[in-house]
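Note that the chains take the letters A, B, C and D in the order they are written out, and that residue 1 is the start of every chain.
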Amino acid sequence: MSGIKPKTWLLLQRTVRFGDTDAAGVMHFANLFRWSHEAWEESLYSFGLSAHEIFPGCSDKVGDPGVALPVLHAHADFWSPLKAGEVLFVELIPHRLDKDSFQVKSRFKRDQVEVAQSLIHHVSINAKTRQRCALPRCIDLWLEASSATINS
Amino acid sequence: MSGIKPKTWLLLQRTVRFGDTDAAGVMHFANLFRWSHEAWEESLYSFGLSAHEIFPGCSDKVGDPGVALPVLHAHADFWSPLKAGEVLFVELIPHRLDKDSFQVKSRFKRDQVEVAQSLIHHVSINAKTRQRCALPRCIDLWLEASSATINS
Amino acid sequence: MSGIKPKTWLLLQRTVRFGDTDAAGVMHFANLFRWSHEAWEESLYSFGLSAHEIFPGCSDKVGDPGVALPVLHAHADFWSPLKAGEVLFVELIPHRLDKDSFQVKSRFKRDQVEVAQSLIHHVSINAKTRQRCALPRCIDLWLEASSATINS
Amino acid sequence: MSGIKPKTWLLLQRTVRFGDTDAAGVMHFANLFRWSHEAWEESLYSFGLSAHEIFPGCSDKVGDPGVALPVLHAHADFWSPLKAGEVLFVELIPHRLDKDSFQVKSRFKRDQVEVAQSLIHHVSINAKTRQRCALPRCIDLWLEASSATINS
């Protein structure tokens, strides 16, 4: 349905920093992957989750999630050079793939025009055995609330 | 004088990202220098300047500043481990050293407690000849307005 | 044909550094893209090219190549966690796509086992007009010499 | 005594990568700190140590060192712009400060000329309690063998 706006926790902003550029004068491509992961982190916090529920090593070992969410695949397309100081809007489109994996698409826009896009595919594993396991409940909640946006 | 608050453009915020940490579970030290430079950039924009006035290679060559502000010296002290998801407040304390150089101190606080500090010393050079030159007028304005805060 | 070995300039090595890991204890995924680009750079130098023939901004403006090789697309697959101190072997598989574009696949192995793979797709543009243009002659030579390896 | 050469594990090499530069066309300053830490890691391996003896999170928890070596202070001086493709020689000068801390100075040279210098000051802590503790035996050995070079 047209007119449906994405939920606020899926809309983020990012300024290109001088240190993100290279001698060609524009953003060095690999930084887009870092940005995409950081936008995802910010979205989780904005949704109400906290780091120690999600990321291993972020608590003082008490209540460490025990689950890691490593990246299995990532890709990105680059349609325009990005210069230091430019403000980008980032829209996240999360999608549950299975009971133990999900992907997050990030669409980067400058002045309404899409300039780059990435996709990161995470799986859920037991941080000790590294065997696949069900997604943490908090990630499930974020995925459900996020995709409701698109389907409604 | 007590009770003087720093100007708004000198007060910034930063969240520790998962990718900023290393296998010891806390922020990898070198990222503090990147954060400090980015806080300075953000301060300049917040003050009202734009990137193409300051950074070489950020304009489409028309009106390129012609001046670069390389780092001559940098140092940092680390007083506490920083974990992913933690929110830090950054206070910048800029100081003009000479007609062609200045330094910016960054104080990082978490819950009112100082956790790290850095200092970056920049010089102003002609981007082509790499000879020292007077600071760009816009940097001068930012320095004057910023130090007025401290002196008043 | 079996038994054909890749040319020496396509076989590189990389040690996982402590700063490449995150709090999950293994390499943060985005670094693989940085590594892949660096392996490509190293291959060009090992083949006999020098940076100022290839990368904008690397010469003192005299003889600047005038051509940039931005990334249009990149992707990677991750099959195994990588820990600090591990030595990886990187095999590059370059492929000319067109007269103005090429891709480089990087296969990362640890103890003969493939642990990750990436692909970077570059296009050749005039650094000023940003219009597509023929690949620089030196890149052409590297591509020809490199693919001869595979076809012979 | 003149004519004493530094031990081989203290002499390293580094090529400036394209992604290490920024839009000013030269190495972005913060990367020197990353390089310095990586040169130190390489020196330890070259001396004969392995990552899981030194860095937390690098083993499969069996035999994890239990000790972390966080950075307390770091500083650097930059005397010359560094361009992509340039080869630098790095000389490490380690120095034990106390039974629980040491520093490593890194001197970066290009064509015999010193272009930058850094210093990193580490302390030894129990990775769980974060209380200071004696340096790991393997770091002690490396420090002794390294400083013998200078004193003999």
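General remarks:
Here, a residue touches a chain if its C-beta (ideal position, glycine included) is under 8 Å from a C-beta of that chain, and two chains touch if they have at least 3 such contacts.
All values reported here derive from a predicted model rather than from experimental measurement.
Here subunit B and subunit C face each other with the same set of residues for the most part; over half of the interface numbers are shared between them. Using the mean of the Cα atoms as each chain's centre, the chain most removed from subunit A is D.
Separating the centre of subunit C from that of subunit D, both taken as means of CA atoms, is a distance of 27 Å.
Measuring from the averaged C-alpha position of subunit A to that of subunit D gives a distance of 33 Å.
Averaging C-alpha coordinates per chain places the centre of subunit A 26 Å away from that of subunit C. Looking at subunit A, one finds that residues 18-19, 21, 23, 25-26, 30, 34, 37, 55, 57-58, 83-84 touch two or more other chains.
Subunit B makes touch with subunit A in their complex at residues 15, 17-19, 21, 25, 34, 37-38, 41-42, 45, 50-52, 55, 57-58, 83-86. Taken in their complex, subunit C has these residues touching subunit B: 18-19, 21-23, 25-26, 28, 30, 57, 61, 83-84, 128. For subunit C in complex with subunit A, the touching residues are 22-26, 29-31, 33-34, 37, 55-58, 68, 70-78, 81, 120, 127, 130.
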